[in-house]
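By letter and in written order, the chains are A, B, C and D; residue numbering begins at 1 in each of them.
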Amino acid sequence: MLDKPHEECGVFGIFNMNDRNIAQDIYLALFALQHRGQLSCGITVDYGEGVVETVKNSGLVPEVFNADTLDKFKKNGIGVSGIGHVRYSSKEFAERANNQPLVMRYARGIAAIANNGGLSNGKTLRQSLEADGAIFQTGSDAELIGYLAAGHRLKEKNMESAIEKTMDEIIGAYSFVMISPNKLIAVRDPQGFRPLCLGKIEDSYVVASESCAIVGIGGTFIRDIEPGEILVITKDGLHSNKRHCGQKTSLCIFEHVYFARPDSVIDGAGVHIARKRAGAMLAKENPVDADVVIGVPDSGIDAAIGYADESGIPFETGFIKNRYVGRTFIQQTQVQREKAVHIKLNPISSAVKGKRVVLIDDSIVRGTTSAHIVELLRAAGAVEVHMRISSPPFLNPCYFGTDISSREYLIECNLSEDEICQRIGVDSLGYLSMDALYSIAKESKCGFCDACFTGKYPVECPDLDKDDKFTSKLKTLEK
Amino acid sequence: MLDKPHEECGVFGIFNMNDRNIAQDIYLALFALQHRGQLSCGITVDYGEGVVETVKNSGLVPEVFNADTLDKFKKNGIGVSGIGHVRYSSKEFAERANNQPLVMRYARGIAAIANNGGLSNGKTLRQSLEADGAIFQTGSDAELIGYLAAGHRLKEKNMESAIEKTMDEIIGAYSFVMISPNKLIAVRDPQGFRPLCLGKIEDSYVVASESCAIVGIGGTFIRDIEPGEILVITKDGLHSNKRHCGQKTSLCIFEHVYFARPDSVIDGAGVHIARKRAGAMLAKENPVDADVVIGVPDSGIDAAIGYADESGIPFETGFIKNRYVGRTFIQQTQVQREKAVHIKLNPISSAVKGKRVVLIDDSIVRGTTSAHIVELLRAAGAVEVHMRISSPPFLNPCYFGTDISSREYLIECNLSEDEICQRIGVDSLGYLSMDALYSIAKESKCGFCDACFTGKYPVECPDLDKDDKFTSKLKTLEK
Amino acid sequence: MLDKPHEECGVFGIFNMNDRNIAQDIYLALFALQHRGQLSCGITVDYGEGVVETVKNSGLVPEVFNADTLDKFKKNGIGVSGIGHVRYSSKEFAERANNQPLVMRYARGIAAIANNGGLSNGKTLRQSLEADGAIFQTGSDAELIGYLAAGHRLKEKNMESAIEKTMDEIIGAYSFVMISPNKLIAVRDPQGFRPLCLGKIEDSYVVASESCAIVGIGGTFIRDIEPGEILVITKDGLHSNKRHCGQKTSLCIFEHVYFARPDSVIDGAGVHIARKRAGAMLAKENPVDADVVIGVPDSGIDAAIGYADESGIPFETGFIKNRYVGRTFIQQTQVQREKAVHIKLNPISSAVKGKRVVLIDDSIVRGTTSAHIVELLRAAGAVEVHMRISSPPFLNPCYFGTDISSREYLIECNLSEDEICQRIGVDSLGYLSMDALYSIAKESKCGFCDACFTGKYPVECPDLDKDDKFTSKLKTLEK
Amino acid sequence: MLDKPHEECGVFGIFNMNDRNIAQDIYLALFALQHRGQLSCGITVDYGEGVVETVKNSGLVPEVFNADTLDKFKKNGIGVSGIGHVRYSSKEFAERANNQPLVMRYARGIAAIANNGGLSNGKTLRQSLEADGAIFQTGSDAELIGYLAAGHRLKEKNMESAIEKTMDEIIGAYSFVMISPNKLIAVRDPQGFRPLCLGKIEDSYVVASESCAIVGIGGTFIRDIEPGEILVITKDGLHSNKRHCGQKTSLCIFEHVYFARPDSVIDGAGVHIARKRAGAMLAKENPVDADVVIGVPDSGIDAAIGYADESGIPFETGFIKNRYVGRTFIQQTQVQREKAVHIKLNPISSAVKGKRVVLIDDSIVRGTTSAHIVELLRAAGAVEVHMRISSPPFLNPCYFGTDISSREYLIECNLSEDEICQRIGVDSLGYLSMDALYSIAKESKCGFCDACFTGKYPVECPDLDKDDKFTSKLKTLEK
């Protein structure tokens, strides 16, 4: 795969008001959220009276779910509510035990949780809980949040109060859905780092990381879950606890630049429009005299169209991306690994031959893939290649649920622009400015987190100094 | 499958003194223990410094473990210790979350546990722990024991002391192996309900549910773990805590009748000999004038040889059991289901035609399979069929790790012998007496639990009256 | 899948001059040709002295080939030559026996063949051969061609002469590669219906259905195989037999419109350019007052860019195509089947809302998919939808290797344009004219077959009146 | 697997008179014949009017057939007739192209064939046919027989006459079933080398390699197919052509010794009885003073019971054979390979400790497995081991459908008995005499082939001197 930052998760939930086959709804929704996580996926459906069915495994949605596994849900009858999850994962948490949804049994019955995010005090909290006797079976924030909420639930009158108390303790990004007896709860952290929205299909309520999942299954988008909101859905309808609302908000701006699907609308701002605007702003800030604008498929296409529209330079399809090359692709030697770039991504010679090319991408991470792509363009006859990036340079790790965290990236970004030009073989390089970035999703009702560009973290990060070796060495793999 | 009671688990552990590939050792040992559980299996290896690798899944050993999954272990280097598990499971606990070994992380690091048994106060204990805030992710006794031990470990100076305290709380059958940092611990409950024994391969110590697993991997049997013993294996050798030893012991006598492999020796008594003796005693107690003795394959063969030797009636191979018919066998209608008995088990006409047959089996459960087998014999020309059972009738549920627990069985056994004869179509029926049963494994250093025959439970059973509906409805399935 | 005409095959061959791992080369090349056939694929490598290894199966390249199957080739040492095949297939020939390459043994040793095309006298020839005693095991033209060539080979001095004789008998489309002892032979029919070209990688010669496969594996395109040419490759180099060259040529024009990959160049004409030109011509011939031009992904995109450039109406990405929805996608009811269109293809609301949309596609077949797409656009807020098709209407079946053959299509196309507009719900509809079509690939050294549009077949079609029921009912499926 | 000679095939056919689901019948029957071939299996059903469905693949019956593949048959309606095949295979013909049934299309429609046997003039015939222009796609005798029969069918009035002519040309062992339009044909070679019998289930006729398959699916045995008989089954009933009957017959005597299932009856003689008699004769011819008789599982058990009965020495179950160790068993080093013998086969110590053991097996091939087994017995405490083989020594290759063909075996057998004793570590060794062998199945209406023991081949073997390298190097593997 191309070297890109990765979003770690997508979540979905549905509360059944119409005798729907909700496992099938969740299955469809997970296809629409698959871009947010390709390592594992899962579905949990609550049938009431303590009957809960979970199917989860490592793999893509079509790998984990088939007629057999979907039938497991049908035989239990009509579900009360259900949640689903797709997960990417940094290497640190790749082990299978971390697959979600996570089901817990405790004195108040069943709780099932699926989370998207990253706590900046997760390790700190775990260590203090373990010192008090806590036992964990996974490394996920979902387990930590579930553990805290279940603990509070013993003293609180209901799960939403327990979650309210839990939110006093946890810091960072979390957008989660939770099944509790007879209710579905959707929670977004007070900063709103990750998206989460509400919709309806027939009379049944759905919540999803992105609106494309709601629309994708045939439903209607209603509104975003507010940063800090605890939304409880029961057969009597919606109820919100907003005690944690009203703080300064900071949606991850990279949702607009790369993570989210272009047909999603987040906090009022359309992602496709944001990307086209980023391209247009990039054209204004980094103009160049050229013959053709092409985008790196698939994520650079929208910004390339924006760049082309603004600059008047014609947009072109510069590459054919091979849709059949997937995870099982076999490369037997290093030479073949290099050749494989042709197989995965081949330039259309007639589109670039003899031309000065503006090449648009949303980010440079290691730069190795960029260098290969530029090489392909030159081999296909491009006479100049001007790279334009529709975001500012990454300079800082992310603690809120993406894997922009390794020092490797930082080293790469500490090269000067000239050095990067040389490294990836382009004639010029231009980044979008922070100011421009802020304007691409100006309809957003949320502020933005730009810590990966600026280093200004919107919340405390107590885990910053923790040695996480221990965690990273635990591996539980199931076939 | 033939309707038989099922043993619920088998365990194995090894402490590495020789740079052995211990994952491979465990893999081989699980083949030798597969008869104790065919639903799922798993291996956990501890590589020291918190690095633990687990592969577990639903399926037989050759289905779960292949070159790929075994390679996962190799890449981590030499393991310090490892444990393995095979599991049958009553329907109640079939969910995948219960697969073992179970790995836990807590303030003292890692603990991994694999257990064989059944606690008679498990539900009672769980409910009281949940009332105090405990959260569980599985329904297994292994999780409960691990939870208690880890809790005590926070206050105790080492894990063996923590286990000693845990044993004050738990009642019933448990033979478990546990990985704790730098040690392997093997524990057998004070009554010794389930077998557990110690062996050596080169300089490495191994513990196993049955001696056949020790011998099967090329090792040497040393001794049984004593009922009540906590055996700790470290690089300095063996250390035993025997505070819980010395109580009245009660090995499950059905280990000798059916569960264990004939080549195993348990508490000093050989299983093969026990079965032949059961057959011989049966011949003395229930003689019959007949032409040939045949055993229901595979478990009735040894007793049939014993019956033949004692009675002087010739032993014969009466049936061909089809070794290719397995779990994926497809039967499309009820008629085919009946026909399938021929495919699975076909009588050898020439061995039974025109003959008076003594048919030996170790138990009757529902009686449906017995009836089919008798019908096959008659169709093949047997003129008389005299059924002899090498154990007394089941009259009571088992709470100690087998699935002789459903009321269905009891109904069957409440029929009079005459009614059973009629139901299964035999000319006569005879059971082994309790007295005779006690003599079949007379070398045993352990007493026996005969609760399923007599209803006299050797320990308290606080769970007896619990409504277990809740538990039985939780299902977590992973593909 | 979207309802489109399907190309039936792609072929690849390599003659090893460099001790290359040619199975790996073919494997990579088949990825680049996968768009030409997704039903099955296969590789045959000749190791000399009669040793031939074939791996073929139903499925995509990454499904059929994995580390295990590729290793089969490695263990035989260095291959002399090898061929590969991808196959779509009309239902008529879906059976597995038709998978290719096909290996035959006869008096002169081994012959292996992989073919792309469709004979218009195949059934006629088969029947006359069967009357003389021929026995066939498949329904493929490859078997027929191989049978004829092997027959002639017994009397001819070499395989190329035998093929020359065979070409006197067969009529229609065939581009095939054949392994014969110590040689690789590439043959294109005298009309050149299907593309076939020659390239080089290091010193090894390669032949491929499309240039993208040559470039994709890191090789260099040399030239097209001439219509009618028999190209023989041995260790002494290239040798051509052109006795069948010089006839009127007729490359399938739909290769440019839809079948071929945009980065391929066929007979001197670039496919990407041809599609953009088709879009531009379409804009000239069928202008419309609109706000945005979008293409149906993926095949309508290039023409849409051409339309936008020519018309001055902005190009937009109108849809998100879900790349994870594949063949294993499960739809449980008709309602879900309709919903599935959203999951597979979702409009970007912000790109079309309130806009007059020009929607570009390369063809309408049944029209059902077009109707769904238009409905999606309207639901997303498009105020007008003007459909423009970058080819003329299909009116006639194809006998030359594509599945534009069913009467269903013709019925659809016999509707008037107004009726079609109404059926698919568009405000206007426009097709590319035949004249314009001829100009899109004006660099082509080949003439074009336009029989599917005009009904003028460039060669005789003796099979036209054959009842093909018999053939269609033979099914040989292997798992 | 243990080193034993291997039978190469089993066949089954059914002609439907009752609207039966005949694919399911064949599926069940193949389970009952699986012991005759474990490499591949297949089913072909004829639905009339040229509709034929075949599912065949490498693997065991439960691996190749599942709900999906069995459903392929159901959707075609009620079958007219069907055939099935299981195949072992010497390495020479392991390639997948040789899987059966084989379907051919020719001027008279469809012919499908499944064969058990080995022609002694197969290579000779092929070469002469190839010289006349024949093209083959497999290396199987089934293809050769089908090719000849289809050729004759063009001139003959029906398929049975064509087969009669074919039988004039082919020499050696063949028991085949063939589907021809509206009929099922069963043919056994004039010597009757391989068994083939007729039965009935409801009103439908079935033919099978062994009676156990007829009884196993719930049918009734009628009679054996006569050596030389061509049995034609149509809706009007049975019709026999016996022009080739009446020659000297020679059933492979190893069917009784090892190949066939004990519950089968062949040409009037029961296999189980034959094996017990072989054991009894062995006791008479090779008595020994010992304490216990044990058989090598599974094939030595019956002879061991016979030996025990005759000698008065008690029979014992000496080994536990692990039923879970199959083809996917992983052994990582040579040491583990040796250890694996314990896992596959473990002696029951209590049965042999301190005892003088008579160990019964049906044959020694390489001797390596025998040596391992004896070593296990000694390690378990046996004080003496006396090996008794229930057949004479192998001294000659077989050309009639088994793999007793390699020179390796002969070298082993050319050792003196003393040398073999030493090699395998036994105290004494005894074989059954040829005279005794002839008496074990004295009820047989057929004579016997004993060429592997005597070197007297009952028919000509023209292929004896052919260099078969060419054939052995062709490999067609499909995943």
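Definition applied: a residue touches a chain if its C-beta (ideal position, glycine included) is under 8 Å from a C-beta of that chain, and two chains touch if they have at least 3 such contacts.
These figures come from a predicted structure and were not determined experimentally.
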Checklist line | Shared chain contacts [chain A and chain C, defined touch] | finding: none
Checklist line | Chain at maximum distance from chain C, centres defined as averaged CA atoms | finding: B
Notebook entry, point to check: What is the distance, in whole Å, between the centres of chain B and chain D, each centre taken as the mean of its C-alpha atoms?
Noted result: 37
Check: Which integer distance in Å separates the CA centroid of chain B from that of chain C?
Finding: 59
Item checked: Distance between chain centroids, defined by C-alpha means - chain C, chain D (Å) -> 46
Item checked: In contact (per the touch rule at the top): chain pairs -> A-B, A-C, B-D, C-D
Check: Which positions of chain A touch chain B when the two form their complex?
Finding: 42, 49-57, 64, 69, 72, 97, 99, 102-107, 110, 130-131, 133-137, 139, 146-147, 150-151, 154, 469-470, 473-479
Checklist line | Complex contacts: residues of chain B adjacent to chain D | finding: 21, 24, 27-28, 31-32, 34, 60-63, 65-67, 70, 212, 215-218, 261-263, 265, 270, 272-273, 301-302, 305, 309, 314-317, 320, 322-326, 328-330, 332, 336, 339-340, 342-343, 346-351
